[in-house]
Each structure stands twice: as structure tokens, then as C-alpha cells.
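One structure is given here, and the rest of the page talks about it.
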Amino acid sequence: MTLIEARGLRRDFAITSKAGWLRRRTRVVTAVDAIDLTIERGEMVGYIGPNGAGKSTTLKMLTGILSPSGGSVRVCGLEPVPQRTQLARQIGVLFGHRSQLWWDLPLAESFALLRHVYGVRESDHAARLARARRLLELDAFLDVPVRQLSLGQRMRGELTAALLHGPHVLFLDEPTIGLDIVSKQAVRAFLTTLGATGDTTIVLTTHDLADIERLCRRLIVIDQGRIVHDGSLEQLHARHGSRRRLVVDLDEPLAMPLALPGAIIESVQADGRRITYALDGNVTSTGEILRRLTEVAALRDISVLEPAIEDVIARLYLRRSSDPVHDAAV
Amino acid sequence: MAIGPRMIRAYLALAAAGFRRYATYRQATFAAAATNSVFGFLRCAVVFAVVDAGARIVAGYDRAQLATFVWVGQGLIGTVLIWAPPDFADRIRSGDVVTDLLRPVDPVWHLLAIDLGRAAHSMATRFVIPIAVGALFFRLQTPRRPGTYVFFALSLLMATIVCFGCRFLVNAAAYWLLDARGPHIAWTLASGFLGGLYFPLWFFPNAAAAALIVGTPFPSIIQLPLDVLVERGSPADQLVLLTIQASWVVIMLALCRFVQRRGEEKLVVQGG
Amino acid sequence: MVAAQLRSQAQYRTSFAIDVVGSVLFGVLDIASVLVLFRVVPTLGGFGFAEVFLMAALAVTAFAAADLAVGNVERLRVYVRSGLLDAVLVRPLGVLVQLTALDIAPRRVGRLVFGIAMVVIAVGHAHVRLTPHSLALLVITPVAGAAIFGAVFVATATVAFWWIESGEIANGLTYGGLNFTQHPITIYGEALRRLFAYAVGFAFVAYYPTLRLLDRADPLGGPVFLAYAGPLVAGVATAVAALLWRIGVRHYRSTGS
């Protein structure tokens, strides 16, 4: 069942700036440029892109707090902006930078209030709360006023709050931003468990690569308002030929840097003591390359660098601007 | 507008939350009540000087009525809450207001419910303390007619709602104005001067006072509840005042919802 | 620092205009709330309209001047609560200077200008004889009064070093003080007079000087020289306030927050 459907969704912003003493210049910025989205029930989708790509703008249009400049969108069968209040009962939203909890009240009271606000059945509410308490370890700070919570604690509370009314879709805008590693892992584990049930559709925007790797089966990449990829992370890397890098530090510089199949020398530094290889996983494995290297040199240190998502996207954009055929979906 | 039986429970829960929240501000509450009491003494001296310099009755009030006017007035300040930090305006400016929009409750009713809970809590502290202090040192006029207690209770409730409405509108200006100083200043001036806080409005020429009472919401916040309490006139007169207040309750709430809807539209269409 | 603040504030022209107008209106409110009383009675505490008008005008001018100079000290409460005070303490300038000079509010000048205008009008209305002596008194009085109010502002603000939530109490003495000084002290009971008029020194802001300016004997039997005691009282008040401030800063530094 299709829960989220967008066709030609567009959003423009008029930016006025001063040009001289009295005159004003207005230019139109297209934040979201006619994108198509189809998200089925139970999916776990990562919606990513560089800063300013249009992620948050899209999310706002999907949740009804920003009206589209063009195109159509339906979430849970409803039109988000005109039917916002109705939609609010079907969706849960978590903005990483904003709080939906009541600032001065203890966390537990916020939960209790939400039950009344959304009209949730006592038993359902209790069950969901119990599960969240268990998985996110809320008991330690349930009675603390929200304004006194640490960011990690607050985010766990927000996540709980967003789900208490059993929404069909959960939208998360940078849920792990600024969190300590323990909280990040707790949030990811919780979302994974939630996604596994298949009852809740999850759409999340994030900059965190670990979030993407662990949570998103499907990855939609948006850049400058356009969708440039819609598939899995592996497909993304495969399509755009991003490579892992292997950086080796040698005891002694080699007379001639070793060239290996599947490992292209990207740079040589420190008088030949540090060599950076770009690896092609299809041709050879990291282990094989290291074996070959140790045959001819003493390695002091190695590090493996995963392909950065920003690099992929940058490359994506470069490729797109030179390639007139716009291949978005895979 | 969504006011079904399910929502009523939601609003009651919100009111209870508002009550509990303000219950935690103990120190600030008592400090404020102490300040109110200080002002009570100062203002009492002024009104007594007026009464002593004139006839026994000034602008329709006798000494005891004026004392009551001053002390219950000080109690009212904290109950209807004339001055409050601009929390809602801050939320609008920071954009946090979107989380309010994402809940299935109307922001106006949401905030009103919380405010009524706060007012209920204030009854036990900021209302009672100045009156107790005043009663200790001065002779205050207790209602002669039992009906006055009921009238005053109603009047107090309506004053709280009208005051909420005014504060909400001042905050909601943040949807359009980057700098809220103008509305805030206007509200502070109007609520004091035109509301009956500094002196009974009947010190003004009768026509002016009547025009203010009927034509502006400010007297409904302080002047009218106090006039009801000191039984200025007959029970019929009290009912007239209550009717004026009720009208302003309806007008202010309608205005709040209208402004809120407009503000939401601006936010949603322009992106804030 | 002040110049930079003035420049950046002037950029917000509309809000600046609103502030100035609002400031003037507050001044109007100050005076009007006293004068309105004369609609219903001919005298207040034994004094007539012209006399009380002058008293109120002098009081408002003194308050507005103090508000302009050190009014921002009440923000100490905000600074303490938010922890911003720590950043202030690290800088080489004195804490008080930073709090007040950093945010000097030219917009508050509206109230002051209005107050001065009212003094001029009141002086004319009361037919005060303008001799060098009376002119000197007319100038010194608001200045001394401003110092007294300023001292009260600072002293009441220091409570925040110990007791953040209590900020409301300061209003009782600051705005209460304004209220007090606008009226002849004859209307107040013994206890109130002893506290506000003499202990805090509010009687020297407007009451005694006005008596002298209008050549009226004090119904309370005070000697004539009290009219000139303003600067002395101001000096004492300022010293006390400065001491309290120093103690407060030291306390804050030692306890952390």
C-alpha cells in the first residue's frame, strides 16, 4: 500500500536582498524541483543529501507545515496542508532541532498529556510506553523536567513521544544529530526494531553515515532540489564508482611505488612514505592488496577509508551536469 | 474547531499540567506576591489621600470599597497575569511553533487550557496573599449580597480569558513583526492605564470611562471584576458588567483564532 | 562599545522609533496617573495640583535618567540564570560597566526628554521664581534623584547573585519607588514613610526640593536644609549600592553559580 506519493512536487522561495540604498532585489530559489516519490508501507527510507539540498523542505511539505509551490502530494491518503490536523493523527514527526515535549514538565507528564491530546486508548498507550521504556532505557529520567535533560535523553523522549499514538508513518529530521554514541546506538537499535515489525513506515533524513548504513534499506538522494538516486547504498556506490581508500604508511619509501591490480595510486606523500590507494572491490580485496604490499615493504600503519557520502554526491552532481540524460530512479 | 468530549479531556489534562507547572515556581510566586503587597500599601495610601481630601465618597466609591479595589486589584494582577514572558512569541520566532501545528489540537485552545490551569493555581497564591495582607492592615469591604460571590467568580474567569486573549495577540504579532516591542509596549501601557490598574476608571470623566469599558477589552480585565466585587450599583448593574465582559470574551477568542489561522497560513505558505 | 551599540541600534529605525514613542508614552502614563487624581479631588495630602505636578515631574525625570543610565542592570537576573554572567566576568571590564554600557538604551531617552519637558511646564505653572538659587536646585535635584534611583536599581539587582527567582521583588522598590516619589509623602503612613522616604531616601528625590522651590513649609515639620540634602543622600546610597554590588560579585565568583 502506497503511503506517501508525490508527483512533480515543487517548492520555490522568494529571497529578497537589499541592492543599494532603497531598492530590493528578489530572486526565486527552487528548493525542491519537481520530485516524484513513492513510499510503500513498512519501508525504511533514508532521505539524504548535502546541506541545503531540500531535505527538510520536502519533509515539511510531506507533514503539512509547508505548502508546495507546485505538484501534488498525498500522505496516508490525505493532502498534508489542507488536512494537516487529520494527518497529524496518522504521522509522528521528530525534528532533531526542535522539541515537541512540554519544556517545564517531567517527561512522564508529557507522555500522559500526549495520550489525551491524541486520544489514545489507555492500553495501547501503556503498551507502547512500556516498550519504549524498555528499549530506550527511559526509567532513569522519566521524572526529570524536559528542560533539564541531556540531548541524548531528550531525543529518546522525543522518539517515544512521536510514536505513542501509533502513527503509520514516522518522519525523522536528523534524529541523531549531536548525540553521544551511546544514545545514537540506542536510537538506531530502537528504529531498527520498529522497522522490523513492518507496521510503521520510517522516513529519515540524516548526515550520519552510520545511520544510513544501519537503518536505511532504501536511500533517496536529493541534491539541489532534485532526486539523483533512489535505491540502496550499495547501488549508490556501485553506480557512481566510489571507492574505498587504503592509506599505507611505510617504514622506508619504496624506490618505485607499487602498482597493483584493483588498487590505483591516488597520491604519494611524505617522500614516498605514505601512499594512498583507491580500491576497486570488484577486482581485488583489501586483504589481497595488503598481502602483496607486505611482500615488498615493511608497513608501519594502515587505514581504510570508506567512501564518503559527500564524495558520492559531489561526483553524482558532476556526472549529472555533464550527462544530459537524467537517470534518477534505479 | 474540534471540541468534542474527547478533546475536553485533553484540555482538562492540559489545564492540570499548567497548574502543576506553576506550582513548581514557588520562589518566584511568593516574591511576586510580596511585590504586589508592597504596591498594595503604596496605592492604598494614594486612594485614601484622595478619599480624605474629598467627600466621603469619591467617584462612587467609599473608603472601604477603594481599599478593596486596591488590594483585590493587586491580587488580580497575578491571577489574570498581565505580565508574562513572551514564550509563544519566542516559539514563533524560533520556528518551534511548527511542533504545535503538528499536534491535533488548536494552539489557541491548547494555550488557553494551560493558562486556566495556571490561573487556578494562582488563586491559592498570588490572589489570596495580597488580599490577606490587605485585610490584615485595612478594613476591606466584603460582599453584602451572597450573589456577588458567584458574580465575582464568573467575572474573574472571564477576566482571565480576556487577559489571555490580549497576551496571545501580543505574542502572535511575532508572525509578522520581527521585533515585538511595539505590541508589548502598547499592551503594558493599555492594561495599566486603561484597565483600572492604576486608579479606578471612574476617576476619568464618565463618558470616557464608559467608552473604555464598552469599547475596549482592558477594563474587563481589572476594572469590571473589581466593580462587581465592591458592588458598585445594584445587582442589575453587576449583570450589565458581566455581560460586557462576556462579550469581550467572545470577541477576543474569535480574534485569537482568526489571527492564529492567518499566522499559520503565513507560516505554511511563505515558509516562515 | 557604546558607539558601536548606538550604531547598530540606529539601523533598526522603525523599532527605534516605536521604542522612543513608547518611552514617551510611559512618561505620559507616569504623570497622568498622578494628575488624574485631581479630577476627583482638589488637594492630595494637603498639596494642590501645581505642587504635586512639580513633584511628579521631578520624580519621573530622575527615574527616567536612572533608567537610561543603569536601567539594564536588572538584566543581571537573566545573565545569572543563563550562565552568560560567566562570560562577562572573564572580560577585563567591570561587571556593572559591561551590563549597563553594553546595552545602553538610547530609546529610553524619550521618557527622560518628556520628564524634563514636564518639569519645565510644571515650573511655569507653579510660578516658581527663577533665581540662580532655584535654577541650581532644579538642576541638582533630578541628578541627585537619578543617583538615588540608580543606587536602588543596582542594590535591588544584586539580589540576583544570591536568589535568582526573586527578581520580582526588585520591582517593589524600583517601580514602587517611582510611585512613591510622585506623590507628597504626607499621604503615606508612618511605617511606609520611615522605610521609603527616609531609609531609602526617596523623600529627597522630589518632595523636599519641591517644598523649597515653592517656598512651602513642610507639614511634617522638616527643616529647610533637607531640600539640599539630595546630593548627600545620593552619595550615601551610591556607596551602599556599590558595596552591595562588590559583595555580590565576590559571592558569585566564590560559589560558581
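Order of writing sets the labels: A, B and C. Residues in every chain begin at 1.
Keep in mind that, in the parts below, contacts are C-beta pairs under 8 Å (C-beta built on N, C-alpha and C of every residue); 3 or more make two chains touch, one makes a residue touch a chain.
In this text the structure is predicted, and so the values were computed from the model without any measurement.
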item: Contact-graph separation of subunit B and subunit C, given in steps at minimum; value: 1
item: Chain-chain pair with the highest tally of contacting C-beta pairs; value: B-C
item: Whole-Å gap between the CA centroids of subunit B and subunit C; value: 28
item: Chain centre separation (subunit A, subunit B; CA means) in Å; value: 47
item: Separation of mean Cα positions, subunit C and subunit A [Å, integer]; value: 57
item: Subunit B residues counted as touching two or more neighbouring chains; value: none
item: Residues of subunit B defined as touching subunit A within the complex; value: 2, 6-7, 9-10, 12-14, 17, 20-21, 24, 95-96, 98-99, 101-105, 267-269, 271
item: Subunit B-touching residues of subunit A, taken from the complex the two chains share; value: 11, 13, 57, 60, 63-67, 81, 84-86, 88-89, 93, 95, 98-100, 102, 104-105, 109, 112-113, 116-119, 145
item: Of subunit B, residues touching subunit C in the complex; value: 25, 27-28, 31-32, 34-35, 38-39, 41-43, 45-46, 48-50, 53-54, 58-59, 179, 181-182, 185-186, 189, 192-193, 198-199, 203-205
item: In the complex, subunit C residues that touch subunit B; value: 12, 15, 18-19, 22, 25-26, 29, 32-33, 36-37, 39-45, 163, 165-169, 171-173, 176, 179-180, 183, 186-189, 192
